[in-house]
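By letter and in written order, the chains are A, B, C and D; residue numbering begins at 1 in each of them.
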Amino acid sequence: MESKLSPAASGWRQRAYSVIFEADTPEGRLFDIALLWAIVLSVLAVMLESVREINAVYGYYLRIVEWGFTALFLLEYLARLVVVRRPLTYAFSLLGIIDFLSVVPTLISLAIAGNQYLLVIRTLRLLRVFRIFKLGQFVGEGEFIVTALKASRYKIMVFLTAVLTLVIIIGTLMYVIEGGQNGFTSIPKSIYWAIVTLTTVGYGDISPTTVLGQTLASVLMILGYAIIAVPTGIVSAQMATPRSGSPAYKQVICHECQATDHKPEAEYCWRCGEKL
Amino acid sequence: MESKLSPAASGWRQRAYSVIFEADTPEGRLFDIALLWAIVLSVLAVMLESVREINAVYGYYLRIVEWGFTALFLLEYLARLVVVRRPLTYAFSLLGIIDFLSVVPTLISLAIAGNQYLLVIRTLRLLRVFRIFKLGQFVGEGEFIVTALKASRYKIMVFLTAVLTLVIIIGTLMYVIEGGQNGFTSIPKSIYWAIVTLTTVGYGDISPTTVLGQTLASVLMILGYAIIAVPTGIVSAQMATPRSGSPAYKQVICHECQATDHKPEAEYCWRCGEKL
Amino acid sequence: MESKLSPAASGWRQRAYSVIFEADTPEGRLFDIALLWAIVLSVLAVMLESVREINAVYGYYLRIVEWGFTALFLLEYLARLVVVRRPLTYAFSLLGIIDFLSVVPTLISLAIAGNQYLLVIRTLRLLRVFRIFKLGQFVGEGEFIVTALKASRYKIMVFLTAVLTLVIIIGTLMYVIEGGQNGFTSIPKSIYWAIVTLTTVGYGDISPTTVLGQTLASVLMILGYAIIAVPTGIVSAQMATPRSGSPAYKQVICHECQATDHKPEAEYCWRCGEKL
Amino acid sequence: MESKLSPAASGWRQRAYSVIFEADTPEGRLFDIALLWAIVLSVLAVMLESVREINAVYGYYLRIVEWGFTALFLLEYLARLVVVRRPLTYAFSLLGIIDFLSVVPTLISLAIAGNQYLLVIRTLRLLRVFRIFKLGQFVGEGEFIVTALKASRYKIMVFLTAVLTLVIIIGTLMYVIEGGQNGFTSIPKSIYWAIVTLTTVGYGDISPTTVLGQTLASVLMILGYAIIAVPTGIVSAQMATPRSGSPAYKQVICHECQATDHKPEAEYCWRCGEKL
């Protein structure tokens, strides 16, 4: 659409923009799917490198693969910066930061070798997978879940406060009842046990041995079993209510700063003020 | 509003009341948030004191912090008593007792040192956190959950009776099948195991080893997996039904006795008869 | 109502009937509550007797209590037989058999001492607790749950068939993958493991150790986590739909054979043909 | 009905077809139920054969039973091929392949003895159990579940992507925090742990021991406990919406290629074009 673009952004840059940032042309969709595979494969390489047996044999090749993907993501990041009209706004948006983080750690690891936490940052590039939800059929569905969760966020916060209070009080009680010799060595550890029990995870690394402790644990389990009905009920009820707005308008993404969630009647981007 | 107050409660007392007990003025909200932080930090101090390594090093400072918070809560409790028009009604209300309990244990521990159960009472002050649900957006949400749970309380009691009956019968069966040498040393212990299994917690401290026992356990697990649908269904259905009354009127809190839940058309408090 | 009763059943028998079998008079309600306590206390005695330490000290008194309750239940059973107009129909109804079973085991244990399975039959008397759901507010609620479960029974059967098929196929796969040395010693045991995992119980007595096994286990866990949505969805949807019939008519219980669930327009009992 | 059949398919073949493939005549229903039992018993034989103690004593008889059932299934498979008008279309349909697989492995095991994976293929014949859902009351119910799951498949995929991303990022974090000496020996293993925890299975074979690890684990557990509300909400909301079409028409199965799901007004099969 002519009106959405300033005269400068015409030609190749406009086409490149629609390939890299959008998914409604065949090339755009292809680009997104290729990117998705690159992300998944690069994270797979990170994972395999951590397995000692595999690292001993294929470590060399895995590092080459890692460098290849980093180069690719670097190129892609630069392309995004060139193509977007307001590079700074993009660079400091959430997606921009994640795009940046998927490139940097491997480069840094040249300088500071062996920093384990870079591993975690490397897997953060997985968050870029959520870009694919721009793809056709997923747009509405992803929005639907996020909208339902947003609408019930206060109810969920009330629920979590109640759960945390319960878990702290019962954890303290168990610390007093069972005591250190049964594994309940401190209140924080007893609270950890209470969370393990209430959420029905039940590792069994700490478990009550006194009669009173087992009785209280039974009460906590039945409580945990019953109150899971609360968040489920909240989200179910939320999802069953008809959606207020049409989901269609949400697909409008600002060409400048990648902001979404514009009101249907909006003419200008709510973040950067650019005309949509 | 003039009509809501007797002539005596004017001036500073009226202002203090609205700061301490209400949350619709900026000062009132600030007071509540400060109180929330004081509660959370004081409970954190109790928790950290129980960790031996931390207690050995910082125990002295933690006890000072504890005394500081106790002094603070004592002041706050006295302020509440002074400001409320009917101190006795407040003192024997649920919230009043909790406010009282958050002050006393530390004072008592001067006299009787080493009573472990005082620890539990100290964490009970966490219950005061629920005062924050007076704050703006939470009022309706907390009410919503409580209302839905109240409306389904008979259904949940029927469900719990069925679960308890099932757990007792299957626990007894397992006691007979597995016997003491496999950890099922008594019927209460077998019932404890049945609860651990039905609620899908599954510690693994006791687990069946005979073929018949494992078969019965499998049946119990699938039952537990399937019947969790019942409380969830009850609460979901309850929450999906439209609310009968407007949630707005629930925010009216009696200035005398802190009672809530007044009918929208009510002019007088249902508990103490004071004009709202 | 005159029309509901044959001339013979008038006088004391009629009054005794309403006390013992019904719950809408004050005496009837009192009788039911007393019975409820007797059941709970007698089952508690059975449970405590199984704890070695308690049995060693209080065993003698517990056995006296047991005999007392058995005498009570025997009297009550005879009273029911005398008061009901068709004793045989009652005696062979489900509730009649349970009433009978709550009396017999203790008597038999005179003859055959030490039969452990009598313990289980003794706890079966807990099923009589469901009589209390005749009491006021519970009638509709219990009916509601049972009706919702009945209405979704075919859906739940389809779901359970799918779960069982899944569990058998994955159990066999794990038996082949992990083999006997990792605890998967036979297909039934592997199926037991699959059930423990799918239902998210997770004892940890058997757990996969090979990479392939852990991968398959991960898939099974996520499946188990996701498909719990199916029974929950079924029951929630069922409970959210408005009830077709008025629950009120369900309270009509045949005076002859204790059958319930008569159609609202029914004039005769569907089981024994007696006029309602 | 005369109009549904070409002249060639009359007489015995038509009758045999309705017995073997359909379930609306008494003979057809009997055939399906007999087949169901044969499947269940044959899988039971496979399972029992894997138990060493049973195999040592009854192995010989179990193998005879196995051969008997294989002969039966072979006969049945040939009968299906003969009776269906387009054998090739049937042979390459999903149900046709499963029918084929239930016969072949036992025959192959003559040639290649000891191939463990044939065991798994043998249990695949359990999938044939789903044929019984043709039986009367089940048709609509099975369809209902499948339809609801199909309608929510994109939402469930979005949810699973979010879960997998979360599990990979937290797994990597735990690998860095806990390290190899606490059982978190590689990123894939840490991800396995994260799945075990998030799904609330909680084996306890690997569990965090550092304070930071236990804190992160607590967050993951509460997340897992809360986000189970999402798939449940999706499916509940889906099932609560009224079904678009009448379920009745779905029972029409094409006589040629076994296709179902024809539109109510359809006169010809959508797959093979044969007149219905």
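Please note the rule applied: a residue touches a chain if its C-beta (ideal position, glycine included) is under 8 Å from a C-beta of that chain, and two chains touch if they have at least 3 such contacts.
This is a predicted model, so every value here is computed, not measured.
By residue number, over half of the touching pairs seen at A-C are also found at B-D, the match among B-C, B-D or A-D. Summary of the copy comparison: rotating chain B onto chain C for the best CA superposition needs 90 degrees, to the nearest 5.
Most remote chain with respect to chain B, judged by CA-atom centres, is D. Looking at which positions face the partner, chain A and chain D present mostly different ones, since fewer than half of the interface numbers are shared. Rounded to whole angstrom units, the spacing between the C-alpha centres of chain C and chain D is 31.
Multi-chain contact residues of chain A (touching two or more other chains): 159, 188, 191, 200-204, 224, 228, 232, 234, 236, 240. Residues of chain B touching chain A in their complex: 43, 46-48, 50-52, 116-117, 119-120, 123-124, 126-127, 129-130, 133, 137-138, 141-142, 144-145, 148-149, 156, 159-160, 163, 188-189, 191-192, 195-196, 198-205, 224, 228, 231-232, 234-236, 238-240. Chain B makes touch with chain D in their complex at residues 200-204, 232, 236, 240. Contact residues of chain B toward chain C in the complex are 154-155, 157-159, 161-162, 165, 168-169, 172-173, 175-176, 185-188, 191, 197, 200-204, 207, 211, 214-215, 217-218, 221-222, 224-226, 228-230, 232-234, 236-237, 240-241.
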